[in-house]
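Just passing along the structure, written as structure tokens.
Going by the order they are written in, the chains are A, B, C, D, E and F; count residues from 1 in each one.
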Amino acid sequence: MKTNDVMLQTATKVVTFIILMFAVHIFFAGHYTPGGGFVGGLLTTSAIVLLMLSFDLETVKKILPFNYVTMTAVGLLLALATAAASIIFDVPFFTHAYDYFDLPLFGETSLHSAMLFDAGVYLVVVGVTMTIIQTIGEDE
Amino acid sequence: MSFVFLIFLPLLAALFIPLLFKKVGKIHTGWFVLAVPVILFIYYASLLPTTIDGGNLVSEFQWIPSLDIAFVAYIDGLSLLFTLLITGIGALVVLYSIFYLDKHREQLHNFYVYLLMFMTAMLGIVQSDHLITLYLFWELTSISSFLLIGYWYTRDRSRFGALKSMMITVFGGLMMLGGFVLLSIMGNTYSIRELITLAPEMATHDFFIWALVLVLLGAFTKSAQFPFYIWLPDAMEAPTPVSAYLHSATMVKAGLYLVARLTPVFAISGTWMWLVAGVGLFTMFWGSFFALKQKDLKGILAFSTVSQLGLIMSLLGASAAGYHIDNIAETTFMYAGFAAIFHLINHAVFKGSLFMIAGIIDHETGTRDIRKLGGLMSLMPISFTVAMIGAFSMAGLPPFGGFLSKEMFLTAMLSLTDFDLFSMDVWGILFPVVAWLGSVFTFIYSFYFVFHTFAGKHKPKQLPKPAHEAPIGMLISPVFLAILVIVIFFIPNRVGDWLVKPAVMAIQPFLYNSPSEVDVHVSAWHGFNTELFMTLGIFAVGGLMFWTLHKWQKSYDRFPDAISLNALYDNLMFLSDDGANRFSMLYMTGFIRSYLVYMFSFVIFILLGTLYLTEAFAVDFTNLAPVGFYEIVILVALVGSTLTILVSKSRLTSIIALGAVGYSVALFFVIFRAPDLALTQLVIETISVALFLLAFYHLPQISRKEERMPFRLGNAVVAVGVGITMTLIALSSHSQKAMPSISEFYKETVYTEAGGGNIVNVILVDYRGFDTLFEIAVLGIAGIGIIAMIKLRLSKKEGQHENK
Amino acid sequence: MMMFYWISLIIVSIGFTGLLFRLVKGPTIADRVVALDAIGISLVSIVALLSLITETEYFLEIILLLSILSFIGTIAFAKFLERGEIFDRNDNR
Amino acid sequence: MPNSLREERFSIETTIVNILIILLMSTGVIFSLVTALGLIRLPDVYTRTHAASKSSTLGVLCVLTATFIHFWLIEGIFNTQMIVAIAFLFITAPVGGHMIGRAAYMSGIKVAEETVRDDMEGALKERKKRLMDNKTTEQ
Amino acid sequence: MEIIMSVAIGFLFMAAVYLMLSKSLIRIIIGTGLLSHGAHLLLLTMGGLGGNSPPVVADGVSISDYADPLPQALILTAIVISFAVTSFFLVLAYRSYQELGTDNMDLLRGTEDHE
Amino acid sequence: MSNLLLFPIIIPLFFAVILMIFPKRLKLQRIFAVIGAGVTLISAIVLLAKVDADGVQAVTLGSWPAPFGISMVSDPLSALLVVTSSIITLFVVFYSFPSIGVKREQSYYYPAVLFLMVGVNGAFTTGDIFNLFVFVEVLLMASYTLIVHGGEKPQLRESIKYLLVNIISSALFVAAVAFLYSVTGTLNMADLAVKIPQIEETGILTVIAVMFLVVFGFKAAIFPLYFWLPGSYYAPPIPILALFGALLTKVGVYAIMRTYTLFFTMNVGFTHELLGIIAILTILAGCVGALAYFDVKKIIIYNIIIAVGVILFGIAQLNQPGVDGSIFYLLHDMLIKAALFFLVGIVAVLFGTTDLRKMGGLIKTYPVLGWTYLVAAFGLAGIPPLSGFPGKLLIVQGGFEGPQFWGSIVILATSLIVLLSAVRIFIYAFWGEPVETVPLKGSVFNQMFIPTVILVAITVVFGVGAELFMPFISGAGEVLLNPSIYIDAVLKE
């Protein structure tokens, strides 16, 4: 039996958007203020969970057709690749590179290879938590 | 000379045996094997001239030079004597086995592989100058003996005997290894020759007595001395050629060899003398006494072997007395060493022949039970003659080799009464008395063996097979040995010069500088002296007792089996599995709770103990962060929620309270200025609670009956203990900060060198990014683990090995 | 001013303990969920006050986070309470 | 920003702002207290839901606004997240309250004895009946 | 404060151990949760609770004012790991329920028959 | 190539991640697993050669100076262990093809194995105490995945216990790190080795040292922290069991070796004496278990515990023969345990049971299997010239030279029990009246038997050709006994 949660679903549409924005913000702010890939990832997950709560698993699957295990793998690969890039330059593993750039719109921004690493973390966190929730949720 | 490699010749040959067995079907595999000992015998015999002059030969091959381990073949009189015994008797035994073991019914390739392996091992033992490789070969003999005894592996008795012999001899070997290591530590060398030169200095070392005892354990177990002899009778389950070879002529003599070889090292100690001579003599008496209880031909021979080994052992012990004597001429101790070696040769010869006869009887009549046998004299005349020669030699009758060595044995024992060191003057009188008693029983069982088998009434109905004389091939070896028995009687001094004296020199180097100095002349007649009267007494009393044997033999059965040494072994083995099982079941309960209680108790005990013993507890009241009001409030919340978990009845309450604890912790993070932690903790706590609910509430079939956790004092004590331990260590650690933290570096460089502002985040992705990389790997693994757990459901049947 | 924040904090905390009481007491699960929801929200107040007291703006992120979590938690609990399971499925009945 | 600097800017505007903050904050705090009181004192889930969702939301909104003003006008930090948070709470709090109330009712928790009227009584029964029917047809 | 925290941590450990010794699986898992909370707080406490400012670079804050960032980073790692472990444990418990039909550890001995 | 020492960690990580993407492609899974393990092995061997040629290798990640970044250090000991564990993983992968079952293979079995390898190799290589924790968690997580993999009832039941114990030990690990950090303010092992001798108050450090002993003791299954092991290891299928038996406890042992030689040396009279006593008790406890059960898996499992005791006893002596012996024995034990589990696995498949009393006469139909087993059994018991011997000899020597004279005697005596327990399997399963066996396809048997026989051959070479390996082992021992070599390599790069 499907209950009719119009109220919830309407609120969710707005709220999910807010949460996602917040997640992205916290992810990018991580290097300078509290936050980072990890919390960002978890927040993203919670947005998706909220969707799952309001709608149902299949609908969410249709909206977000990711294979979360692959996402985890890609995240790990990204993190690993960022770290391993230093091998090419024969400097110790994990040596990060960064510089300050003057980008249009954003003003002076530091582009940091650690950010890529953090993106890996982000993907892994989303991938794994969603994997867990989805597998349990789908289990009979 | 690289004759060290010759040791491995039999092993090398063994590699081809399975091939030969399979490919060359027509010829008995034994014929190929026979070549090995024969070649070796001829080669080693050619070395005799060197040792007769007291010379020696050394050949070395490095194995693990870093550990100073090498194969060193050292050939002097003693090792050459043994080498010749091994190869000579080995050749005869192989010849005998060709006729004894049927080509078609037996797994000959296994048999000969083991036998050749054994030959290598034995050669290795007697030739090794290096303690470690000596040990290597020592264990190899145990193993090959194990395999040979278990040759008929479907028989229970075979398996039992094999295991028993291995357990006991390997135990001795391990102890001996300990002794060897101690010796090497004291002398800083593994070489026996060098140890001998260092002996006087080592004697004062703390380890000396330990080394002595441990080495003797090895020798006693291998040579079946009391109380370790029990494996030998059970080893008779091996095919008879094996018994003749391993369990009478060679392997059991390895212990004797070891004692002889190390006598120069240990002779300085009175313990050595007492132990070797005493145990040896007691074994001699014990073995001969119980030989009469046996009903199995090979059993009699086994006990006889035990007894004879004890005899030789006691002689070796007596020979050690020579170390303490200044003037050789005054003493008769020199006889002891000579007698030991001489009897060793004699024993190998006559016992080998006796075993072969026992095998023949078994082979031709189908039984070895002496009660079923009798009257075979006329049916098997050659066998009878050989058996009689062997047995009479064993009993010490002239004109057989045994008579000579038995006489010398008595001489040596008598001489011990004159020895005035190590309280010998008080207790020494026991030696000749026990020796005499043992000899009497030896006399009786020798007769028992021969006459109860060959004389008396023939009982064809009790025999599984009609008895007849053995084929000629099987008789070659025993006849040859019997002839040797007689030959030795007539040329004892030639044997003495060639074989015995060079060997004696190795045992008693402190007495002699060259074999020619060993001033012993063997003669069958040496006037009317105590020894002669003793011998006559043996014949008289022994004869009388044999005559009345049927009257008193039954009293043996009154000995209760329950308190015998065999029973002890059986009980030990029983204890080792059933006892261990029960003991183990006592604590391996399967309850995780018990395990945790053990573990936590240990943790509490050891940590608090250490804290107490090292006086590490300290509380430093300076350098503390101020206590804020709000901290206390959160603390109360934390403690309150924890208590809720402890007392709550409902699962849901517990879960929520756990969440509350998590949130309190997050608030602590807020207060203690850790925003990143607080963020993470909050999210994670929420997700965890959600997971808890998913896992624990979404299961209709579980009854929702909930109950308060029953209070258990034991658990509470352990729990409080852990809490106290952690608190105390935390206080002490915090109060004894000794070094500034490395984190100052991060604070200084985070903006300038790492290009970041949030130090924690920069540590995570940069300074200690490696941690993070694998932390997310952990997450990833958890992910796949969970999927696999949910999706993959195997029942036991389909789980494994589905492609079979 | 700091004093005022402190007093506010204490009052909120007193309220908080009251909520905790309800959480522990129950008696029904729904009561607990209600309490939990309220706890989440007053936690937001507490963190806000704390960040005023400690004078750092870094905890402000926690406020939004807490409100998000509190909301999701409430919804999840509510659905769980209602249907005994958290996620709907199309094929579910 | 060190404390000393801040104290120096003590002026009329600050005073006004502080008064504003105090007002807002006091309202918020009092509402929080009321929430707690309500949750403890009220007889059943439904009334408690009422206390929790309405007064606590109002309370927290006030507190947050006060905080926001503090950071904006006194410390000069315009924190968008605060606005988002306020908006967020404004949207979600009623939904949450609704969900709990409904869930409690659907799961069959009895209303307090003092309750005058229960409009949903019929709906619940109907739902239960439908559930039973479904089960029987499934079997 | 560190002393009080030490006692509190001891209390957490105590409660955790007590729960883990019970026979109900859920209590055991809750116990592990408490245990990791205790360990994390311990790490924080051992780093020292001083420091007036979060370890985020800001103008006008002297280096000694920052809280020790290293324990915080370590705790973060530890939190994530214990989250992974806890979720795994929970799913394991869930599966065990399904397969074995009980959450009573006393019924999960498995010494006699290994099936 | 300054990063060479990281390759044995990141290569399996890379392959494990790749394998996560296509779990159902059986062929690809197998191929990639073999390539992953194989390439790791090659890189490990190259690393060993490099360490042997150029001395201890160290890299501090992220180019930060040593105590601040995470240092990875490859000394001869860790390089040797990495090589050994890589060999074992490769063989386990081969052995898994016929024995683990297709369904498992398609459910992330190989990624988990490779992740385990990541954790093990990482734990052997890291030079940072907290990073060690992380790697231990990696391998534990992988082991959780593997132990429950397949979800059979006993697996689920035992996994709960296994997880619980390891969670406790992990929490204690974190606590121990916290205490250590509080006192010394650093996490880098080399830095610890520099700072600890400067600290005068050794009492609290001793307590912390004992706490680390407890933490690692949980992993290494020392007395009385071993109780979890027999049941847990019993549950999973043989290839996984072999992997666990060969690698997991050894990480704990390695960690004790490392910490107790590198920096916890301030109060040797207390800590190492304690370690020695515990080691002996561990051996005895293992012996009781090894004798108590008529179950092939149980017998070998308890032998793991015995070996742990023997190795730790050598370390406790802290003298050259003892330490060298421990290292030798450690490597030997990893190889021989894997080999024995393989063998026992084949036996169990053939009889369809693990109960010894239901077996018999296998030597008639599978003679080569029997002899291989016997060689392995003798190797286990330390019969020369097989691989157990040199290590045991050195440990015994170390014990005699050290303060715990009687310990060596116990070790010698218990060798007998090890032999008895191992030979008992031979007597029951291979000798005796033949019992009907499960028909097994020749190809399947060969697929299982060939890796086994090669592994046994490796152990034999390791024993007989001990001279080939002694330079590495004494090199490793030298680093353990002279921490300054290690410290210089890390801090003065």
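A few comments on the model shown:
The working rule: contacts are C-beta pairs under 8 Å (C-beta built on N, C-alpha and C of every residue); 3 or more make two chains touch, one makes a residue touch a chain.
Treat the numbers as computed from the prediction; the structure is a model and nothing was measured.
Touch-path distance (fewest steps) from subunit C to subunit D is 1. Here A-E and E-F were compared by C-beta pairs in contact; the pair with more is E-F. Farthest chain from subunit A, judged by C-alpha centroids: B.
One inter-chain figure worth recording: subunit A and subunit B are separated by 63 Å, centre to centre, where each centre is the mean of the chain's CA atoms. Separation between the centroids of subunit B and subunit F, computed from CA atoms only, is 27 Å. One inter-chain figure worth recording: subunit B and subunit E are separated by 49 Å, centre to centre, where each centre is the mean of the chain's CA atoms. Between subunit A and subunit C, the centres computed from C-alpha atoms are 25 Å apart.
Contact of a single residue of subunit C with at least two other chains is seen at positions 16-17, 29, 56, 58, 61, 64-65, 68-69, 71-72, 75-77, 79-80, 82-83, 86, 93. Multi-chain contact residues of subunit F, defined as those touching 2 or more other chains: 13, 17, 20, 61-62, 69, 72, 130, 134, 137, 141, 144-145, 148, 151-153, 160-161, 164, 168, 172, 175, 178-179, 181-182, 187, 231. The multi-chain contact residues of subunit B, meaning those touching 2 or more other chains, are 585, 588, 590, 592, 596, 673, 675-676, 679-680, 683-684, 686-687, 690-691, 694-695, 698, 726, 730, 733-734, 737, 741-743, 746, 756-758, 760, 764, 766-772, 775-782, 784-787, 789-791, 793, 796. Those residues of subunit C lying in contact with subunit D across their complex are 1, 4-5, 8, 11-12, 14-19, 21-22, 28-31, 33-35, 37-38, 41-42, 44-45, 48-49, 51-52, 55, 57, 60-61, 63-64, 67-68, 70-71, 74-75, 77-83, 93. Within the complex, the subunit F residues that touch subunit E are 130, 133-134, 137, 140-141, 144-145, 148, 151-154, 156-161, 163-164, 167-168, 170-172, 174-175, 177-179, 181-182, 187, 231, 234, 295, 354.
Subunit A contributes residues 32-34, 38, 128, 132, 135-136 to its touches with subunit E in the complex. Residue ranges on subunit A touching subunit B, taken from their complex, read 26, 30-39, 42-43, 45-46, 49, 68-69, 72-73, 75-76, 79-80, 83, 93-94, 96, 98, 100, 110, 112, 114, 117-118, 120-121, 124-125, 127-129, 131-133, 135-137, 139.
Subunit A contributes residues 1, 7-8, 11, 14-15, 18, 21-22, 25 to its touches with subunit D in the complex.
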